[in-house]
Amino acid sequence: MRGYRTILVERVDLGQGTTGRFHGLLHSGGRYVISDERSATECAEESAIVKRIAAEAVEDTGGLFVTTPADDPGYADRFLAACLKTGVPVQEIPAAEALRREPRLNPGISRAFEVQDGAVDAWKLLWGNARSAQEHGAAILSYHWVTEVIREGDRVAGVIARDNRAGEMVRIEAAFVINAGGVWAGEIADMADCPGVTVVPGKGIMIAMNHRLVRTVVNRCEHPGDGDILVPIRTVCVIGTTDVKADSPDDYSIGRDEVQQMLDAGEVIVPGFRQARALHAWTGARPLFKDERAGEGGEDTRHMSRGLALVDHLRRDGVSGFLTITGGKLTTYRLMAETVVDAMVEQMGDSRPCTTATEALPGSEDGRHYWLGSRLAAQEEAMADDQLVCECELMPRRKLVEAARRRPGMTLDDVRRALRLGMGPCQGGFCTYRATGILHGLGDAETERADELLLTFLQHRWLGLEPILYGDQMRQACLDDWIFQGTLDVEHLPVTVPT
Amino acid sequence: MRRAVVIGAGLAGLVAGVRLAEGGMRVTMVAKGVGSLTLSPGVIDVLGYAPGRVDSPREALGAFVAERPDHPYARIGADALEEALAWFTDRVPQMRYRGDGPRNLLLPTAVGVPRPTALAPASMAGADLRGGGRFVVVGLSGLKDFFPRLLADNLARADLPSGAMVGARHAEITASPRPGRADVAGQVYARALDDPAFRGEFAAALRGLAEPGETILLPAVLGMARAGEVFDELQERVGAPIAEVPTVPPSVAGMRLNTELTGAFARAGGRVVLGVEAVGATGSDGRISEVLVRDAARTRALPADAVVLATGGFSAGGIALDSYGGLHEVVLDLPVAGPPAGVAPLSERHLDHQPLMASGVAVDGMLRPVGPGGEPVWDNLHAAGTIVAGAEPWREKSGEGIAIAGGFRAAGAILEET
Amino acid sequence: MTHPLHELMRDSLDHCVKCTICETYCPVAAATPLFPGPKYVGPQAERYRGGDANADASLDYCSSCGICTQVCPQGVKIAEINSQAKAELAQRRGVSLRDRLIARPTLAGWMGAPVWPVANWTTSFGPFRLLLEKVLRIHRKAPMPRWAGRTFQSRTRSRRKAPDPAAPQRKVVFFHGCAANFYEPGTASMAVQVLEHNGLEVIIPKQGCCGLPLQSNGQYDAARAYVRRLAAQLAPYARAGHDIVATSTSCGLMLKREAHEILGVDDDDLRVVSERMFDICEYLVMLDERGELKRDMQPVDMEVPYHAPCQQRGHGVGTPAMELMAMVPGLRASQVDAVCCGVAGTYGLKAEKYDIAMEVGRSLFDQVRASGAALSVCDSETCRWQIAAATDRPSVHPVEMLHRAYGLG
């Protein structure tokens, strides 16, 4: 948008990393008013901007902070004062009013505060940004894995990436390289011979529940802890999250103990939570920039800064043409971009102002927010002349065919991120076979690849199912096994699937 | 007249119910809803993989149960299985089950895998791949659960017995019972084909699609109540052999079997009470005397001299897993046999053996649920079907065999008691 | 609209494993592509509801027959979820005059009863029915009952006795419903005589409408008021230990379960009434199991097709009518292989749904006609009217067959 020719290089699919692995909360800032004042103010400002520029990706659910019987009753007054200090809009409402709005909430809540939280669909947000970038002339290379940062003396002059689908190496020469690798930013800085950029992966698990148990975002009015947020997003609500230091950003394992911890936490917010149906669990790794000079660190990553971190490699390492931006959170993604591009513009001696806070993303021009019934309304229109492929998430065939035309060679996980295939209650039980058959029928996936797509998707779904298999989801998993193994015998498809 | 209560209306419950009613008992079948038989592909599996592909279940079964002493087949016994299957096929003549003596057939699934099964309706058996063959796979434009090209292409790559050559191509027809509607369910096609008018249109669309020597493979939607007539007439009018391929739910073939078997139960004098939940039992001296069911207004006691528990496993809800990992039998709170100690209940690899999935109630030789010491919990309570521990029927391709033989054996044990 | 029980019903959507059994049994989805099916509009669409707008008008094609809940092996309260969502849809769209009228059988009943010959003439008068269709969108061919003149209540005033806690088991309360009151007092009288023949004294208290038609037409507040009033009228008898016996199977089910599960009525009057409520065939079979049913039936040499209506199936008591008819020598009753006659209370009266309702019932009508029997048997009034109109022969309550067998007529 500032007139530079830009190439975005992403190692897998957009949103396969941390951005797509969160609970969907567009922070009002309330969560950080005491622990991290700067983050709180940034969130308050940025969430208002995101609601405006990315309206289509945001549901304006509003949020509540509630003092449950398990919370320190003294926190509420400190919370209120800190909101005023940090500029986070807040309004106390009677606990009875909160219970009227959210009948499932713990009836023992003593205080309730209304804040301006929202729910944001990370993938919609990403695709909105991607389309915007493309409209401004940028190219996006997904499934390109950076293997080398090209150095020419004291300056960075581009990157070499492996195109993982074509199996070719791609050399990209550039006047400037911005490292926005998130949890992987340290690895990329190392490639540029700028060592010591330490980004600690703060791993958290989240669990999506089958339907909305609450209509607004519910936070516990307490020092930020594990499992204290319940976010209604799309058709589900998500409880999150834990926070443990991971050894590797690619560690997606989900501990059974972490699941139990989330379920207990859910019970505190919504009694009976354990009886509700869990759909799927996943992990995301927060990029926590380790500021060693401040002497912090240790194992509990929650006390590390949530703030964005700009690393100026010219000042730090004497390397020009290279900046690292990391830390931060999804709510402040735009501010991170503004900050790093401002720094780049300054280093390049330009003066081109940032306009991302005012220009709406494609699809959000009319300022209308996402609403829960939108897919149902669209399906009502399409019912006569289209087939429903994913019944849970109401994904019609036409959408899949269009997506396949736009982006040939998708995996079913790519389809999931773009169209929510397999994200509903049956977790792919009925749609995986359909989507495979359609992509194969279109000629988009030849037979062996089609078999691979099917089995890989089932395996990937399983990774998020296995840790939360109990109650209704266990019933579903067994029915799905009956369909795939019992009726279709997919385990004897003539193809081997990588783990 | 002695009274039996059968809990569950799936395959095992229906088999037990029919045999008990024929044996002269007054049988009441109670079920929360329609049994999951309506979701089944309509074939009768006995043993398909152990874990290699099984050519002859009869020959393989001995070694299979020797290695798995806790498998339901180890309790039921091979002889009871044979007797039960013969008895069963007589009860459902309209399904026209066909097999190859002791050997498995090898029928294509909707995704094109050759799948072993012991018996199949005549409308499916014609697709037996053991001797190879040439096929034209025909899709229906309105049916979203059948992909002729994927089936045909996978069939051409399939792992078949040596010497068997398969050629397959694909086609599609647009004849539809709901013209102008893109999404037409399998049961809508099936019911429409019962009607001679649409049948004629359908036959006309198929005519000429098959070259000489080719068999037409179609999704299993060829008729509902009049499936036999529909199949015969289509073959005759099209002038080529036809075979149905089972579909994922909604499965028309499963619905046909359910209809015929529930009909057999009614003709034998059995009563079905649908839409109620069995919630417990009362009894004394080790015998159940009443089964408690919850109807629209109250909890009612059904007098019972014998009880068959056929509520299914996890998917049908007979066994439940709570959020703490506890296993429960939902009606009578029977002890549940889960994975043995020291064994990981689930594997991270989806298609691996998943020990937790084989959970259920352990039974004795008369299929009576037993406690930890191997003693029956109730002397007159018998279990059959997926609720019995020790099998992963969808992996073994053994579900119908276990259900039929189990239901038959449980009923036999009850009838022998007098 | 929302009440705690609504949340409970809604939570049952968690049990849905998408198996589609409900869709394969849904009589409306089988008859028309306009209705996307109970799974679709129920547990599936419900996950998209709760916002400010209803997005799926196709929901309105659900006839509320309740078969989906009954066949669901997973315990999803599909019909209940759909009914709630339909009521919300009706509220948003506004309830039409037609739906207000047909939901109040007592209103039409009282309007017609005093002038019954005229009323009967007008409702069978073609031009008037055309007008009714034009103005109110009630289909001109939809079956309409005929007013019987004096109401059953006024004929049985002498039986309006107080509860008798001293002899609760010898005296039963008869709940006749609106249809018997205005249109079929004969059926109600036969029921009373059959009960008396079995040595029971029959009390017929003053009683109003259960509110079922209001509920199925989305007018929940009015329905709640009706059913609460009725429960209050019957509760003293239930508390005294009297069983309550109903010939109207759908109204009986309303009191047993639907008022609680769909309307969320959760009061003590309804609870005691619900626990004492029996469908008459259920009650007679229960008497038989206790050895208290008179078996002095005379031969009735007839073949009759029997249809167990959707609402009767909802009781979860099997098919006691078939068991009773099997006790009658010579009577050869066979159950029709069909789930629904299509009318579903008031659904089949509506001009925009009449054709669907007739298509739903087609197989049932064909079987009744093909049987060659002089009449058919069915437990529910509106279903009998529908079946009689479509098959050109009378359709009677099973208790009428018993009445004949006992030689009471």
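Every chain is named by a letter (A, B and C) in the order it is written, and numbering of its residues begins at 1.
FYI, contacts are C-beta pairs under 8 Å (C-beta built on N, C-alpha and C of every residue); 3 or more make two chains touch, one makes a residue touch a chain.
This is a predicted model, so every value here is computed, not measured.
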| item | value |
| --- | --- |
| Pair of chains ranked first by number of touching C-beta pairs | A-B |
| Label of the chain whose CA centroid is most distant from the centroid of chain C | A |
| Chain nearest the global centroid, as defined over all protein CA atoms shown | B |
| Where chain A and chain C are represented by their mean Cα positions, the distance between them in whole Å | 51 |
| Averaged-CA centre spacing for the pair chain C and chain B, given as whole angstrom | 35 |
| Separation of mean Cα positions, chain B and chain A [Å, integer] | 42 |
| For chain C, residues that touch 2 or more chains besides their own | 17, 19, 33, 74 |
| Multi-chain contact residues (two or more partners), chain A | 275, 383-384, 430, 471, 475-476, 479 |
| In chain B, residues with contacts to at least two other chains | 39, 181, 249, 315-317 |
| Touch list for chain A against partner chain C, complex | 103-104, 210-212, 215, 235-236, 275-277, 371-377, 379-380, 383-384, 391-392, 394, 424-426, 429-430, 471-472, 475-476, 479 |
| For the chain C and chain B complex, residues of the former touching the latter | 17, 19-21, 23-25, 29-30, 33, 69-75, 253, 256-257, 274-275, 277-278, 313-319, 323, 335, 337 |
| Of chain B, residues touching chain C in the complex | 28, 31-36, 38-39, 178, 181, 184-185, 187-188, 191, 225, 249-250, 255, 266, 271-277, 293-298, 315-317 |
| Complex interface listing, chain C residues touching chain A | 2, 4, 7, 10-11, 13-19, 33, 36, 39-40, 44-58, 74 |
| Partner chain B, residues of chain A touching it in the complex | 260, 263, 274-275, 278, 383-389, 397, 430, 433-434, 436-438, 440-441, 447-448, 450-451, 454-455, 458-459, 461-463, 466, 469-471, 474-479, 481-483, 485-494, 499 |
